[in-house]
Amino acid sequence: MTASIASSSYGKACVHLVKVERGPERDQFKDVTVEVRLAGAFEAVYRDGDNSGLLSTDAMTNAVYALGRRRSLDPPEGFAEALARDLMEACPSARRAHVSLAVRTWEPLAAGGVSYPRAFARAGAELRTACATVEEGRVVVEAGLEGAPLVRTAGSSFRGFLRGRYGTLQETDDRLLATDVFARWRYGRTPLDPCVSFGAVRTALLQTFASHPSESLQHTLYAMGEAAFAACADVEAIRLALPNLHHLLVDLAPFGLDNPNQVFVPSREPRGVVEAELTRS
Amino acid sequence: MTASIASSSYGKACVHLVKVERGPERDQFKDVTVEVRLAGAFEAVYRDGDNSGLLSTDAMTNAVYALGRRRSLDPPEGFAEALARDLMEACPSARRAHVSLAVRTWEPLAAGGVSYPRAFARAGAELRTACATVEEGRVVVEAGLEGAPLVRTAGSSFRGFLRGRYGTLQETDDRLLATDVFARWRYGRTPLDPCVSFGAVRTALLQTFASHPSESLQHTLYAMGEAAFAACADVEAIRLALPNLHHLLVDLAPFGLDNPNQVFVPSREPRGVVEAELTRS
Amino acid sequence: MTASIASSSYGKACVHLVKVERGPERDQFKDVTVEVRLAGAFEAVYRDGDNSGLLSTDAMTNAVYALGRRRSLDPPEGFAEALARDLMEACPSARRAHVSLAVRTWEPLAAGGVSYPRAFARAGAELRTACATVEEGRVVVEAGLEGAPLVRTAGSSFRGFLRGRYGTLQETDDRLLATDVFARWRYGRTPLDPCVSFGAVRTALLQTFASHPSESLQHTLYAMGEAAFAACADVEAIRLALPNLHHLLVDLAPFGLDNPNQVFVPSREPRGVVEAELTRS
Amino acid sequence: MTASIASSSYGKACVHLVKVERGPERDQFKDVTVEVRLAGAFEAVYRDGDNSGLLSTDAMTNAVYALGRRRSLDPPEGFAEALARDLMEACPSARRAHVSLAVRTWEPLAAGGVSYPRAFARAGAELRTACATVEEGRVVVEAGLEGAPLVRTAGSSFRGFLRGRYGTLQETDDRLLATDVFARWRYGRTPLDPCVSFGAVRTALLQTFASHPSESLQHTLYAMGEAAFAACADVEAIRLALPNLHHLLVDLAPFGLDNPNQVFVPSREPRGVVEAELTRS
């Protein structure tokens, strides 16, 4: 044996579950993808092929479905924690269970001023995420959002930066700023109402993106983090990743046209990346 | 020469254009992808490598950008027609120009009860499409939508079908019906206000999907087409493609649980396909 | 009833099937995705919700699996035809059955000079396609390939084209030419050995792409079609679609460097499109 | 200020570079995507919007292109290290530069027994990766591969596992084992010839996957890691992630057919996940 296991985990990803919560007046349509991971004393599995302590991953999939029947998918943080505890119980060799949910939102289909109680449309690409990690009886809960493309058409500058030998970018007082928000925050204690906390943090993040006098994407990222801390006292840390999705102003001069910050080509490659983890001081 | 050219076209795809229409109170953010195609007397290009009648495709790309500066992107049908006419003029060998637009919708970013006038969020995955085909001086205009995931939780049955030797599906009075609408309709004459016509047809399609007593996806597709014809007198034909995105009821009996039409697993593969072109009788 | 059904079809897409053909010395690993469509006298299904003549699509899926057990997946053209005939038999209302296969290639895993008889690696992204359409007792067979990214670093020019008002592209004797071949050809009569015919046409297409003195992508497309006709007497028509995947020469002059046709940035958007259907004269 | 920056980085992703290395007899076609990240003393950027120490990311993009002109892309580990050192020099506030390359392989186009010296085809989906992290004058080099779909049709069992309350999986002596290898290993010292070391580790990983008597994917992962350590003395740690891409045996009994481990349906969702980091004992 020349190899030590520095860390390992196993589990099931992309467990996709849809639940229709049927009501007398209207239904609700819930759509969630679950990932579960166990870590612990599994050395014999890796080294010796001894599976006696290894919970099969099909049991994890079925645990998701069964829990989906037995309890509400709301709040997703609660579902994640309950599932993590189920898995710890089912697998004595596990020392840690990590469950993460990605929730897609469907809204009652509305068209022509009518809202239908049993038909639904996807509300957008944004995912609400919720994670629970259970270890030694304690739980750490995280929440987040991702897949939220946002744009600002004013109030964003980028000046006074370092160019080095290869920089050719011009300074600008008014650039088009586009990103796709990834945010995940950790609660110091599980919030009383996770949906209220999620909503408060989400609002803080979006409002700050929309209105912050931005000197750079880093500058705005930091302000978003501060706003999240201010919006919810239970948030103790937040990770934010904000790609800089460049939009290039088209040069129309060859065609005798000006272009006063109006016509842009979105550039798919390359893109800027800005990521940080902030903690409450 | 052993090969005859039965048909051919060339052009540029994925010309992505963003336009900020700046206003004193608020901006508008327009986001469109354009595809252009020319067809005509290009045999010498193919057979002899003689490019003298061939408009370069970079000229098409630039024509999109320049037209984007000179006129509004609204309505997209009008932009498509204007661009098609520009291309015909630029390329005498062309007999037909086809332009199609796919419009992504961005809405003013709203969070916490505040709507921001110069920040925007993607409104969902749905695309509005608009096409113009110019040939011998005449134009044919089409409009459509795609990328609209919809679900019904009641009012959909599937009974009395043929099973053949291999069918194992059970009849059902109440299946979960999920699709992703593709629709494209042709106007007999260009509508006075393409945005009004688009809205009327879209509403008719969605309302019918939401409320039609469905015996099959084919049955509902036909009703959607009839509703489109009723909603807009200028529509003379419509193509609809409705994939059947199956959701499998999970068998929870092995775990001592029932499952009264509540917990489903969406199946990504395979999927049903139903497509038809309907014309006004 | 205001709607006439101008055309329609229904069926099942993305029926994914893997077959292990086990041998004493080595196995073979076959991987194919099947799409099936029926068209015919289904008006009552669409208009009246009468499903009595409608073969359920789950029966189509199962027919694929069962046929996969009963016969070889080679040649795919033969599998497609057999499946189309099975479906016609199962559904008397059908007037036409269309089956298309996309075959992924896996090769015995080879590493360090050893080839393993029961381990396999994907051979590349290229798909071999095969279609059969059965109508009124007759069959039309098509074959093709797609997903084949190819590049030429020499022997491709683009000169003497029309610029119009918006063209800014420079003429070039030596451009980097990149595409992703889509080809589908129709046999006048079903070839005796479809794998031999496929190989002959594929070789002709690739050799021509690699060596044709190219004046344009159209010019090379036509030469590829002629080569296909020359390579296989049974080919009566061929459709080719060759996107022009632009590579932009990077301007390194701001950094005091030349760039003698060496360093390029692939541009994902926009791309040129060239498509044609050629028939044997 | 309520937020502390626990960690942060920024840079540029998806810098796509193609280089034609032209030779008298034949060309070489190199295709690489680069990501660069800087971390360091950037608090003023985040907190105060002071960009004076911030190297613009367009300078990073241009540094990639310029280095691509000045030196060979081979070995990618050397390119990554040289680029990381360039970036450290250009940005005094940076404490760490991390560069990662993903290399796509193109081979001379071969068809009909002919190999063309100036035409190329993608060799498969597999990526070779190379990373260099420069910090306090020292460099850590990693190499890896990803995007390698592999299958075994024999020699893989899964028995004796724990089922818990929800497990329904049957034990098997002979399951179809499919994965998509992600591997990344760290060198204790930069190897003399990184391409030789890469080849040795890659061969060890693939040979072990192909031939290991597998009791589980974990068991095979561990054996792959041991083989990597044995193959290259410079490897001090390796991370492996092996998704379990399930293939379900189709039940053909309803159609009067057996299915002796021949016909499978690949299941896209859910999938098993197994990940570990191994270090040399």
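So that you can tell them apart, the chains are marked A, B, C and D in the order they are listed, and the count of residues begins at 1 in each.
Just so we're on the same page, contacts are C-beta pairs under 8 Å (C-beta built on N, C-alpha and C of every residue); 3 or more make two chains touch, one makes a residue touch a chain.
For clarity, every value in this text was computed on a predicted model and none was experimentally measured.
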Where centres are the averaged C-alpha coordinates, which chain has the largest centre distance to subunit B? D
More contacting C-beta pairs: B-D or A-D? The answer is A-D
Distance from the CA centroid of subunit C to that of subunit D, rounded to the nearest Å? 29
In whole angstrom, the CA-centroid distance of subunit B from subunit D equals 37
With chain centres taken as the means of their Cα atoms, state the distance from subunit A to subunit D in Å. 24
Hunt down the residues of subunit A that sit against at least two other chains at once, touch-wise. 16, 62, 66, 165-166, 168, 254-255, 268-269
In the complex, subunit C touches subunit B at residues 1-16, 35, 37, 42, 45-63, 66, 90-91, 158-169, 214-216, 218-219, 221-222, 225-226, 229-230, 237, 243-244, 268-281
Where on subunit A does subunit B make contact in their complex? 16-22, 27, 29, 31, 62, 65-66, 68-70, 106, 109, 111-112, 114, 116, 118-125, 148-155, 176, 202-204, 206-207, 209-211, 247, 250, 252, 254-255, 257-259, 261-266
Subunit D contacts subunit B in the complex at 165-166, 168, 254-255, 268-269
